[in-house]
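Labels run A, B, C and D following the written order; every chain starts at residue 1.
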Amino acid sequence: MNLILILGFMLLAIGFWGMLTQKNMIKIVIGLTIAEVGVQIIMISIGYIKERTAPILDSAVPLADAVNKVVDPIPQALVLTAIVIGVAVNALILSFIIRLYKEKKSLSIDDYKEMKW
Amino acid sequence: MVNIIYIIILLLGIGFLLPITEKLGKKVSNSMFFLTLTSVSVISVQWLYAFIINGQTSLQFFTAGVKPPLSINLQLGLSESVFITSINILALIGAVYLIKHFNNIGIRSHVLYLLMILGLNGLVLTRDIFNIFVFLEITGISTYALIGSDLRLKSLIASFKYMLAGGVASIFLLLGIIFLYHNTGTLNIDGMIAASPLQSGLKIAGIAIFFLFFALLIEMKQFPANGWALDVYEASNPGISGIISAAGTAAILFALYKVMPLGNDLWFNTIAVIGIITFIASNIMGIKQKNATRLLGYSSIGQLGLLLAAMGLGFLYGGINGKFQFIIFALFISHFIAKAGLFWIAGIVKKKEIKSWGVLRKSPVLLFFTGSFMFALLGFPPFPGFFGKWELVLTLANKHQFLWITAILLGSLIEAIYLIRWFGYILKEKQEENETIEQGATKYSSVFILGTILFTISGLYMIYNPITNLSFYFYPLLFIAFLFITDNILPAYIKNILSIAGLSYYGYVYFNQFSEFRFIFAVIFLAGGILTLIPGFVKKGKRVGFYPSAIIMYVGLLGLLVAKDMFSFFTAWEFMTIGSYFLIIRGKRSQPHALSYMLFSLGGAYLIMFGFALTHVFSGGNGIALDLLNSIKSNSALIFTMLAIGFLTKTAAAGLHIWLPGAHAEAESDVSPMVSAVLLKAGVFGLILIMISSLRFDAKMIIYLLGWLGAITALLGNLMASFQEDAKKLLAYSSIAQLGYILFALAIMSHIGWMAAIWYAMNHFLYKALLFLAVGAVVVKLKTHNMYEMGGLIKQMPFSFVSVLIGIIALSGVPPLSGFGGKWLLYNAFILKGWYLQGAIIAFSGVVAFLYLFKLINSIFLGPVKDNFRKVKEVSIWYLIPQYIIIIAIMVISAKPKIVLGKIGDFITSYMPDNLVVWKGDVASSYMNGKLFGVWDAPNIMIIIGIIFVTLLSWLLIMSRKAQKVEMFNIVYSAERPESPQTTHFSHNIYSHYRKALGFLALPLIVNFWSFIVDSIHSIADFVRRLYNGNGQAYIMHILGFMVIIYFVLFNGGLF
Amino acid sequence: MSGLDDLKKKMVTGPDGEQFEVNPINDYYCSKKPEVTTPAHPYIEKFFNWARANSLWVLGWGTGCGSIELPPLTTPRFDMYRYGVQMRPTPRQACVFIISGYLAVKTLKRVIRAYEQMQGPKFVIALGSCTINGGMYYDSYNTINRLDYYMPVDVYIAGCMPRPEAILSGFVALKKRIKEGKGEGANEYAEKFEWYKANQKKIIKQWDMPDYNW
Amino acid sequence: MEISLLTKILFSLLGLFIVFNYGLLQAGVMRKIVARVAGRYGIPIYQPYIDLIKNYSKRTQITHGVMFYLGPVFRFSGGIGLFFFIPMIYGSVYWQNFSFSGDIILLMYFQFFGMLGMALGAGEGGQPNSIIGISRGLAQFTAVEVPFTLAIISIAVQYDTLSVYDIVAAQQGGIQNWTLFTNPFAVIAGMFAFLGLMRHAPFNVVMAPQEIPIGPPTEYHSTYLGMLQSNRVVLHIVEAVLFMNLFFGGATSWLELIIKSFFIYFITVFIGVVFPRYRVDHTVRWFLKIPLVFGILAVLFV
């Protein structure tokens, strides 16, 4: 579990590193996505209970025994929601980047600084 | 009652239905869109009604049919219903405003709008923390898309930055939520609060709450992690900016409010500090901003900071109930309406530069609402923010949080700088003729409705506020409202008659209620008001805006006298300030002067407010009666100083005077006497109030210093007046000096000194009104202020000449006119007090006054007449009528001063029994140690001088009855002949030798000081705002940096 | 501006934009002619003349080279004060005008102006030959030859230049003349105003002033 | 002892007559003294009379307007008024004039009455040099007023009264009781101010003859000038009497008054003969240096 948690934080860090260092907007968005994945992993790892299975009621997990067999289902539900939302946001951002590229023919974030101060 | 869940269902359902119904045509989809928003508003209003009127208690609504934690629950209480009602109504009006924009973009914008409103409602209603995340994201995504949907490059960039910031914020929010869940085992906010994770001692809980709060702080656009927000405000359609600024932040504020109980005092404090830093910082940066929507963005963020600070402080001091509920709501609703309104007006004006907003003058209604919104933001009465700010200051004072008060007032003052300046541009900045503003019923009506709501709420505040009874203002405000409504209809003379009648009626009603010095000031305010309104009959046309402003000022002035408690006093003070500001800014070139007037007044007003709050606290914390000034138990010197400085900004004591010359000189000709002769006395009234209270405690040192200040003010004012070339500026500087005398006389704190002060106050009212009316009328006639361009007008304007002559004799203190009484009382007072050196300065400045008085009358009326003024006629009779009424008054009180001074003396005796002036018949005498000291027999002096004068005149008439009348150039000119009137009139810089000798005293050091302050603030603003370099990446950096700072602050505080 | 330009009629614009004409000669100056003044009752007039004779206030203005002889009068050696004579810096307050020597045409204009600005009764003392017949400048192109063509003269003091003693004796002569009631130069000027003006205008080509300088 | 109003008026007018004649003679004597200092024979001492008669006997006159006409009236009213408000002879009920109407503050401010009227009259005269003179006069007056005020404050405090009569009363009983000896700083400051008030050299740039022809009265002549001259002689005596009352023990008889006021006035003439002229800016600065220091000393050590 700790390993996965650390992985999550590492991904988070990598994501932020990407967001802060890359000039290409798509790469920045990728950084954001990586960071989001990191958070999602962290969430799952927090809900994880050792030696338990996924909270899916199927033949392997009978309903009566589910409480003791599965991991905490709520974080998983949350992650699902978060992923959905994250995907939506990413799609929107990327579509905006396409629009911006069409307007200015540049992907560098440095070229979009007209509004300041 | 409709289940609140239907709001969500309606918005979501119709939102998804709209793309389908679009096929049926635009009308159908639009009507569905509006119907949805209307029904949502109706539902929320219905609930609000239930909560307020029927006293409904708060309710829980459960989804999925089960109770939490298994399901998500919505809570609807009074606060929730207030917030959703505000949001939904604003959404409805906003939809009206934006409908054209939406129709241009297509049905997707309708959908996005509904989704955004859904998200905002959800944020307010839900009690599930993960649901907050979901609603936040719904709001976020729909907002991003809505901003970008017009596909302009700027909006796309802004939206992109917003998304990055929102993405980062949501990462932290998720982290916070999951850790909290891990800690408490529930997602329900109430459950979490019950588990009190911070108190449980787990380290992880601290981190979890840190992430949660931090994410919300970013969504609250706190400094410095808010560069992206400014871009959003600047770039997106102003209609949408308005919704984001008002409704969006309202919802997030409420979300934060819900989770706040998870924090502890350290957190509350930190949040409050972050809020106040944001408030001050973004207001400072706003000063340098020229772009209208971006400036509104700065202001929005500032207001959010203030709200956040108030909320943090509320939690710190026992939770949001009672007082703090009142405060936050008052501040919130002001910001909410005003900011949305201003953004929407920006959408109508469509001018980027704030300097080009002059086009607003084409639409008086919009102009009116712009002003109202700005003054609502600044917390002026009658708007709710005023009540909020007062209570906030008072509450904080009760908790002895003086640093907080200082910070809040400082921030507000800085905010005033750019808002008032902007408004000044709107009112006065030159505009090209062909500029127009957008027309269109939808946008106008939405602004109009918003404004109406603002005024309705303000009216409710005025009537039902829990602080004090302001019923005095009811009819006057109705009258003012009437004047505003009919401003564009009625001609000026009808409004003038109405105003004079109104003032006279109030005089009649309230005259008997005033006693002692209130009576004297009532005479000054009422008689001054009526006299200075008479010249208004000259004006043709409608004179839009003048009468409401004048009446606001006079109502404020009377309110000062009526006020029994500090709050009504302060309300009156602010009314007076607003009214006079609008009067002053009417002058042609008075925009910068009106601005500095307003800023000094506001600074003074805040000091007065602070002082009142301290009075409340240090007199035992019971109530706010004005009489509490007399029962201050500790820190009296501090309070006294604050109030004194506050009042001294109005009387323009040296150091605080720089606003006066421009403001009084550039004002219209009948406004100058109003603001100079009448308005300045308000400050004197305030000074008298606190000086009376100072009899109960020891403020001797400060009063001693005030005496020096008065003397120096008198000297500097007179010196600077002597070096003026502008006739009205000369009179303005003279006012500064005269108020210096009054301050000096008050500071003497003896019977005779006060008599001198009040005599001076009355006399200054008379002769300054006389001079300003006479000179003002001449200035109007000649269309120039410069004395050296005038000259020789005695033949064309003999009546004005006599007025000015009487005015200057009275002012200079030459016997036998009334001014000498002031000198006699003053000399006696300071000699008896033992203030010899100050007295010598006063005496010196009294003589210096002759320099400018001679210059005034000589340059205007004597010497050669200029060619272009050969044919001018005497000024209008409407200017002369008040002048001659005043002359009669001066003559009467000069010959029989006892009729006034006797009464003044009687009531002063009850406060200051020492150094009495004793009357024997008409002879006044002063006593030192029981021995006769000085004598003044006014009637006798007048008779003797009169007889001598008449005798000599008749002698001269007999001796030289056949003197040949000659023309202006029949003068000896070294056997040459003068070339032109311009080269013969010696008027410009006639005291050059005096400037050589004493000019160093009149160097503009004080002006330089204040410009240094202003420049520094501007430089700081320019420096700080470089932070927002426009790079989205940098903004992420700011967010992370902000996080690190908060972390270390909290770490240092021992949270982790 | 110089000469006659600034006396030309001109259109000016008033503060309200109205246009009107200004005629400096009429508007700036009083255009009345001087009048003959009647003396008071003889006895009173005699007393007045005594006072006038003993209080001679001289316009402190030297017109020609003879002016160098005037300052010595104030010195201990000559001391004109003992005769009640003193200098006044303004023609309004002076009653004696000493024309000290030759008069250039340019100066004459100023002299006329100053003389007319003095209040009557007023007296003129002409100093030196130049004022009598032009003296050494009798054929000069720009000096006048006879002063009494241009203004009434009470006393001539001959010499080139007359010494201060001579001037003092001139004062004494003037006193005598005044006491006798003959010091009516101002009235003479008013009576023969047209003649004097014609003479003056004949020689002064650039007449840029009103006919009588009050 | 109370006297009737009529008696009072008659005695005041008689006093005015005396002062007027004394003033004319004194002016003659002073000019004679100046002449003798210069080594000249000088005017006959009755010359001021002749000049006055001559000016009143002028036959023509002009006027620039109402204010020009009224200027000398204001000026002379100022002088006569000042006389009426000053007590002349200590101990006599007949020579107190109307000094009961006010005190020294009245006198201080009544000085301006004439000045202001004269300034306005000269202003309407339209002579630019007159206005230069006035601007100088006013400027000089402001500076002169500082030591004067300080001196007056000082003696008002010293004698516990503002009444000129009481100030004289307090100085009775021998020369050692004069303010000159009891309060020397005040007297020094006051006498400096007196120099400025009287406008003899070095403080006579106001009327600087020839330079601005003669300052404010440049346009005045004939009867106007007569009135101004009359005022001048009255005012000089009255001012000297005022300073005599304040600093030099007052007078108990006309003889004493004449002697004292003569010497007081003579001080200014004496200094005027000896010193050259100050420019106005120098005057202003000078009065705000040495006399001011004495004035401050006077109020500090009273």
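As a convention for this text, a contact is a pair of C-beta atoms (placed from the backbone, for glycine too) under 8 Å apart; a residue touches a chain by one contact, two chains touch by 3 or more.
Predicted model, so just to flag it, every value in this text is computed and none were measured.
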{"item": "Dominant interface by contact count, named by its two chains", "value": "B-D"}
{"item": "Whole-Å gap between the CA centroids of chain B and chain C", "value": "70"}
{"item": "Euclidean distance of C-alpha centroids - chain B vs chain D, Å", "value": "54"}
{"item": "Geometric centre distance via CA averages, chain D-chain C, whole Å", "value": "35"}
{"item": "Euclidean distance of C-alpha centroids - chain A vs chain B, Å", "value": "50"}
{"item": "Residue numbers of chain B (touch at least two other chains)", "value": "964-966, 968-970, 972"}
{"item": "Residue numbers of chain D (touch at least two other chains)", "value": "60-62, 213, 218-219, 222"}
{"item": "Where chain C touches two or more other chains, by residue", "value": "90, 92, 214"}
{"item": "Interchain contacts, given as pairs of chains that touch", "value": "A-B, B-C, B-D, C-D"}
{"item": "Parts of chain A lying in touch with chain B, wherever the complex brings them together", "value": "12, 16, 19-20, 23, 25, 28, 32, 35-36, 39-40, 42-43, 46-47, 74-75, 78, 81-82, 85, 88-89, 92-93, 96-97, 99-100, 103-104, 109-110, 112-117"}
{"item": "Residues on chain C engaged by chain B in the complex (per definition of touch)", "value": "1, 6, 10, 12-16, 18, 20, 22, 24, 27-30, 32, 61, 90-92, 110-111, 113-114, 117, 208-209, 213-214"}
{"item": "Complex contact set, residues of chain C against chain D", "value": "37, 39-40, 47-48, 51-52, 54-55, 57, 60, 75-76, 79, 81-82, 84, 86, 88-90, 92-93, 95, 119-121, 186, 214"}
{"item": "Of chain B, residues touching chain D in the complex", "value": "792, 794-795, 798, 801, 805, 808-809, 812-815, 820, 823-824, 827-828, 831, 834, 836-837, 839-840, 843-844, 847-848, 850-851, 853-855, 857-858, 862-864, 926, 928-929, 931-937, 940-941, 944-945, 948-949, 952-953, 956, 959-960, 962-966, 968-974, 984-987, 990-991, 993-994, 996-998"}
{"item": "Complex interface listing, chain B residues touching chain C", "value": "781-784, 867-872, 964-970, 972, 975-981"}
